[in-house]
Each structure stands twice: as structure tokens, then as C-alpha cells.
């Protein structure tokens, strides 16, 4: 396993300069997720209108993988429908768990996280944002 | 002095060495590696003497009982307990502390009574008290920690009241390595009429412990953190207190007479050992103690302190590092953070070099908040570590800094 | 069919054989012997993969976590639990039953509520309820046993009321070998709105168990009684019930967030596994289950019932013997008394011939009173026993009778 | 180890025909002892006058060793002083634990229990009556 595959330029970039960071002032959905094992903490706030994500922000603290994954995710999901997100999340989990060698192009920048598959201890970090997003969508506010 | 080549006593090091991935194991505060002597003892037990203890009426069971009880005596002598019967075998320090919280706390605390803990406790000495406080209405208070990561005994004196029924503190912090003055704390607690409980999970493996000298009423520890098997730990308790206490778990072994709706109990320690115990675990623990004693706890302590001091000095050279280690009583535990490199990322970069350290809250979230960090990285040394491990660690940390510093990154990644 | 020479899988038999004292081990209901496969698996773990689980951020810890969780999945499949997360690792069946009594009972029972047990319970399913009844004011009631040593389900229906909150019974009696109709009992309990708890300490090792088919809410068992290491056991619980429950032991691993005076908890099963678990124990248990499954539980059951039937028939020839074994569901457990020869004396005489049986109350004092005996002798067979063991037993019993019958004594003692 | 050394004629005789069996109607001292491991149960009632045991009886149930030991003990201790009993008990424990190869002649018939030393699992049975006696003497009635 090479660290190069994990700490890619894109990851470090999103980590050091996260996109969509903060809280939406009146979100329609919100959830907070933890990784007990390493202390990652991510809050996701959403504005969903007619089943479409019109706005999304994240805040929290954690390692480069969890934060970069959240930052990238917010970029990707904006404008997508709730159903599309379900599919996307599934593709993302498959990729980082190494179940899928050729990640779907819908994943966009998230393919930068493909290297996580070689670092099983970091899978939880990569998926935290996505799980928290799915939780938020479940919780009608 | 710890002899050279001590790693060869531990099969796991040769295993990874032979696979071309030498293991630099710096997570002994979480669990230690096991010497061959301990592994073989467990194997011998199962291959020659396995039988249930205490209830048997045949020779094999008598042999098993004798070696199980011999292990208890060994543990008692190891911490200088007055008598073997004051040692209860548990799964781990966590269960030992829960035993005290439930069996003593549930029956001796009432609404408004106070239990004093400290700001540097492990969750194992916090959560059981949360549960018991919820059931009894008791109140929890905290000894403060000062800027050198030491407990402030004045703050203990200030919060002690006539309602304080127990003071329970960690002997050696698993995050900071601070050695707390548990003898003094015990004296203060006793003066106020409170009992004293010591979480010894990080002291029993690393420094000589004398429970009679400390004077505490209870002392908890884990076997797996001192070269012993997983699944075995102990609780030392003053015998007269154990005698007066209600039991914890109910079942076989711990009873005297059982009727359909009532029962009366055996004497300690049996009163607190319900069901079939971890017999092979106890025997493995005895072998672990013998191993440690052969090396000498004073030697182990010196070795670790020297490594800790060296590491503190060597790591201070790493750019952006912040080390959380008391000046007064440093041990072989070093927690640190590095600016702009998250502990979890540090750990992954080190792992790629075969170095095992821990990153996270170390089961001490309130302490993390006090330190104003979300998590730290922690290297913890044990008897089998040496200066070359520190060197490997320091160099890998420099690499971590470089990876996360774009300007340097290109030069370090192969 | 169990293959011949199976004893050679178990190092302890060759050890004693080689010392000229072959071991006729007939105390498997107390604890079973361990096959080499289990012993080696534990050794391998310590020599190659030892690290703490869950909290680790490096590869070795991930390996340890994976094999620990694989063991959990294995256990879940073994008893046909719906999901791995419904299996909690404990020390033994006793702790599993205490976990239910404390975590469920302490928070769900109030004054006047009823818990129904049976007249043939092991102390492990009695004493925890005594403790919880004392704390909550709940009342204990008992299903009666009939003359064929079977539970009388009519008596269960009679004592069930709207206040009955739980029915907790032993699946297979450790004294009588009776297999109780736990599926029917569970259905009756559920109809009345009570939960159903099954003590499976003597069923998991000996008969195929399907917790979904039984439908029970909790099922408890011990690893050491099924070829596994000491210090590991399990509790299966329905997941939604586990989710709703308060935790039992507090400490590391079982939490989500911890503040000085409060905490919130992780999901099951972690919520119930405080502190460092018995990792090597869980791994050894997996190896034990694999060993048992390779032989086939149906085969094991048939083998034991056949031995039990044969022993019942052969032992009936012994003068003055009284056998306590149901006609309807006999298994490989035979309890008996012999007129004028105390069980403890029987055991000593057998021991001199290398035969290990148990004499005593078998942690079932209320049952002893019901049977109107102070104690019994008990031979319990497992997969490694055979007909020649029964023969050896029968002949030794005849010798015991002779020793205590002055008229015959002269002829038997050498 | 030979069973002959354990189940001697004297033991079997005392077991099958125990001496001083029963309860004293108005004892000055009483105690009850159990062996949890095998269910032995012994009750000892005493009449002590001026520090001398003037009467002693035992009842209960248990194995041959525990019952015979109780029976023999009642024979021996009658007429002895409380101090003498302490000494005797000590000698008895030494004998059955195998600490003393040549038992003291004061032990009388109790030397029949010497063989117990070769059967460690039976030591508790042999000592139960003596421990219970000592307990009874401690408890002022």
C-alpha cells in the first residue's frame, strides 16, 4: 500500500480548503455523525426542495479523509435528487470498500478516495459523511 | 537494565520480522504483546490440566483448582495485598471498576451522596459512576488538573464534603503518563470518611505497586496490559470491606445456600466470582507476572522512563508538535499532536512504516476537552521497546509533517 | 456417527495416557476438554495478530478486529441468530444471564412485577433474579417439574398473570438432561406479553439450536462447555430489544460520547461490551464451533443420546442405584445416587480408577431439595466419550458398592 | 493412593453407626458448617461448663469422611478443655493435610483419618467437623 494512493493532491486540497463548510441557517434536514474509533465528528445540514438537494453544508472536525470526503460529497450531491443520492452513496461505499475496481464516473472528484480501499482502517473515515447524509435524509425535520 | 534482544521473547516480533515487515509496536498502553512463556503456559493448561475449578471432586479438578488459586496468591503478592482472598479475578480493569460501582455503590450510595473522580479519568472510571449515579441519585465531582498535567490536591480538599463517600482516581494516566499521588489522595479521602478506589490499569504493568502502602480500599487492573492473556483482570479489595459488601454477579460458585427466592453467599473472593472463571487466563496472568518479576519492575520502570524522556526530547524536534507530558512525573507514555496533521493521519503514515501507535480520544473524552483537542496521537513504550524504536518513530513523524506540507511533499513520497 | 479415535484430537487424553493414567473424563457438563485446533488457534493469535480491537488505527489492530468480529458472525450463524450484532461476548453463561437481569431487569421491573423461572434452574438463572428482585421488588414464581423430570406447562399457564414480565428457563438441565420445550414456553410467554429468556449453557454444546425458531428474546451460553476456551461466553438478544435497553457495564468501547457526568452509548453489541474483550477467547470459540460443526451437531446429539441410553441401562444393574433421567427426553447426562454410598465417596472411588465424575448439588440446590437428595453423582458424556467409558464407569460403581457393603469389601480391595 | 487407606474399617464403622448423633437439648454453644463444594452439612451442639466440654453431639448429612470425622471427634473432645481442643484441632489439621507423618497419640481414633492426606479433595470433608466445633466455641451463646 502506498501513501501516495491515499493522500492525493485532491484530498489534501479539500482537507486544507474545504468546500461548503459551515451550517445552513434554516436547513430542512440535519444530522450529526461520529466515528467513535477516531473521534471524527461531522454535521451535515441540507435544504431539500421537491426532493432535490438545493443546498448542503458540512462542519465538524476530523482527519483528512473524513473532512475531504465530506467536502467532495457536498460538491457532488448539490442538485441531485434524493433517489440519485441513494444510488451514489452505494457506489461510493462499493468503491472505498474495494468492491468495485472501476468507480462510476458519477462519483466525480470522489474517485480521489479510491485509494482508501487499500487502507481498511480508513474506510470508516471516508464513509462517515455519506452515512451522515443518508441519516439526515431519513430524519424529516 | 532490561537485557538486549528481549524482543525475541515475544513470538509476534519474529513473526513479522520473518515476513519482512518488522513490527514497531508502540501501543502497549492499549494492550501489550505476550511472551512465549505466557502463551505456552496457557497451552500447557489446556493440554494437561483442564477441568472446572472448586466444584470438582476428582484429582484433575483439584489440580486445576490449585493452580488457579496459586495464580490468585501470585497476584496478591505482586501488588503486596495482605492475603490471596482479597483478590477477585475479573475480565479486565473495566469490570473491576464496575464491580465496585455496582456492588459497593448501588448498596451504599444514596441521593445527594458524592463520589469524587478526576479530570483525567478513563471512561472505565467514569461511565460506571454515571450509571450508578442515575440509579442512586449520587453526585459526581472532579479533582482538577493543573498546567503540568498533575492533579491539584487542593481542589480535592476543596470539593470534599461530609457527603463524599468515595474518591476514585486513575493511578497512572493512559494519555499523559502522569503518576498520581494515590497514597496522599487515599489519606485525604480516608480523613473525610470516604473510601479510596484506584484505577491501576496503567500502573500495575509499569511501576512497583504496593496496595498496603497506598492504603486504598480497592485497586483495579487488567492482565492483557501486563503481558498476560486477554479476558483476565483483577480487583484487590480490603477483605473486611469485601466481606460486608453485597455481591455483584449471581450464579454458581458465589453462593452458600440457594433457595427458590433467596440465597446467601460464600466468602470473598468467591462471593464475587460467579460462574466458571477464566481459568487459563488466571494461569497465563501468573506466568506474565513471573516474567515481569524476573525482569524486575524497578528495571522496567527505569527503562520506560528513560525511553519516554528520550522520546520527548527527540520528538520535540518535529515541526509543529505539541507534547502532553508532565515535567514532574513523565513515564513511557507520550501523547502529542502535530499542527495540520490529524492524529489519525499520523497513525496511517506511521502504520505504512510498520509503526503501531494509537490515535483518538483514548477513552478519555472529558480529558480531551480539557486539553482542547479532539484527539491525540499516542506512543506508549513497554519493556520490549528500545531507542531504535524511538528513532524510527521520530523519522516517520517527520515524514508525516512533510506529506501534509505541500511544499515538502514531493520530496518524501516515493 | 462420530469417528473412532476422536480422543486423539484432544491433547489432554494423550498426556494422561502417556503417563499411564488414562483419563475417563465424564464431567463435560462442567467443562469440556479442548481439541488441539482450539489450543493452536489461541496460540496463533498471540504469536501473530495480538492487538487491541476497535480502537486501533493501524493494520495489526484492524486484523485483530476483523478476526474478533468474524468470531461474532460465526457464533451468530451457529445459533441461527438474525445478525452478528445480536451477539454479545461475555465471560460465560452466568455473566450473560446477569447482563439480562441487570440491564433489562433493573430498568424494566417494578414492585409486584413477576419473573417466572422453573424448579430445575441452575443457580446462574436464580441468584441474579434474587438480586434484581431485592432491588426492584419484583416477585419470582416457578414452573413445576413433573414425575418424569419434565416441566409442567400447565403450571406455567396457571402462574402467568398480567404482571408477568419475563419467563426464564433452562434449555437442557445440567442435572437431569431434560430438554425443555423452550419454543412452546416462549410462545406462552409472548402471548402473555412477557419476554422469554433461555439458559442455553447445556444446549449449545449438545443439540442443534435455532434461536429464531425458538423465538426467545435472549439466549445465554458458555464457550468452555463446547470445546472453547475459558473466559468466553455469549448472549444472543433480539436486536431491537438490545437497542432499547440500558447498558450493563460502563467503560471504554461501549460509549459514543462521554461528558464528566453523563454519557451516551454506542449501538449493540458494543453498548454491552465495556473494556477490552477476551479477544483470544472469542477466536478460540470460533475454532471450537468450527470443530463441532465439522463433526455435525446432529451426530453429536445422536452419539450422546445413544451413550446416555446405554449408560442408563448398564448402570441400572448396579445395586441400590437410583437414576434421575427423564424417559421422554434423555440426553448424555446421568445423575444418580447409590444407597448407602455418598456421591462424594463414589466420586473418590471412581477417581482412583481415573474416572472424573461430579458429585454435589451441581449448582441446583432447589432442584436437589425437590428431588429430596442432598447431592447426586453425575456422569456427563460428550463427543469424545464412548461405550468403553460407560463400561469402565459401571464396573467402578460396582466396586464402590462393594467397598461400602462390609460383606463384600474384603473381596474388592487389593 | 490406595482406597484402603481412606475407607478404613473404623471410618466405615463410624459412618454407618455414628456416635453422639443428634442435638443437645439446651446447648451452651452451637454452630453449623457447610462444604459448599460437596454439600456436607454438620451441626454441632455443645455443653461447656467451666471451660470443659461436658457434652457434645452432631447431626447433619454428608459423605463418609465428614460424618465419620464428626463422630470420632465427638468421642475425643468430651471432657477436654477449650484450650486442649485448640491444640488438638491443630494437630488434626496437620495430620490430614499431610504436614505431620506421625500423628499425635492424643488424636485417638482420629488417626484413622490419616489416609485423607493422600486424597487432597477430601481434606475439606475431614476438617469440616473440627472447623465447625471451633466456630461453635467462638460463638458465645
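By written order: A, B, C and D. Residues from 1 in each chain.
What we mean here is this: a contact is a pair of C-beta atoms (placed from the backbone, for glycine too) under 8 Å apart; a residue touches a chain by one contact, two chains touch by 3 or more.
Being a predicted model, the structure only gives us computed values, none of them experimental.
Chemist: Which chains are shared contacts of chain A and chain B?
Modeler: Per touch definition, common to chain A and chain B: C.
Chemist: If you tally the C-beta contacts for C-D and for A-C, which one comes out higher?
Modeler: C-D
Chemist: Any idea how many Å lie between the Cα centroids of chain A and chain D?
Modeler: Chain centroid spacing, chain A to chain D, equals 77 Å.
Chemist: Please work out the Cα centroid separation of chain C and chain D, and write it as a whole number of Å.
Modeler: 37
Chemist: Per the centroid of Cα atoms for each chain, what is the distance between chain A and chain C, given in Å?
Modeler: The mean C-alpha positions of chain A and chain C differ by 46 Å.
Chemist: With chain centres taken as the means of their Cα atoms, state the distance from chain B to chain C in Å.
Modeler: 31
Chemist: What are the residues of chain A that contact at least two other chains?
Modeler: 37-38, 121, in rising order.
Chemist: Listing for chain C: what residues touch at least two other chains?
Modeler: 55-59, 61, 255, 257, 344, 348, 351, 359-360
Chemist: If we count contacts the way the header does, which residues on chain B are in touch with chain C in the complex?
Modeler: Spelled out, the residues of chain B in touch with chain C are 11-12, 15, 23, 25, 27, 30-31, 33-34, 38-39, 42-43, 46-52, 55-61, 91-95, 97-98, 101-102, 106, 117, 119, 122-124, 126-131, 133, 135, 140, 142, 222, 224, 229-232, 246-247, 249-255, 257-263, 274-281, 344, 347-348, 350-351, 355-360, 363, 365-366.
Chemist: Could you list, by residue number, the parts of chain C that touch chain A in their complex?
Modeler: Residues in contact with chain A: 54-59, 61-62, 66, 255-257, 266.
Chemist: In the complex, go through chain D and note every residue touching chain C.
Modeler: That would be residues 1-4, 6-7, 12, 16, 37-41, 61-65, 119, 121-122, 125 of chain D.
Chemist: Touching chain C in the complex: which residues of chain A?
Modeler: The contact residues of chain A facing chain C are 34, 36-38, 120-121.
Chemist: In the complex of these two chains, what residues of chain B are touching chain A?
Modeler: The touching residues are 340, 342-345, 348-349, 351-352, 359-361, 368, 374-375, 403-404, 406, 409, 413-414.
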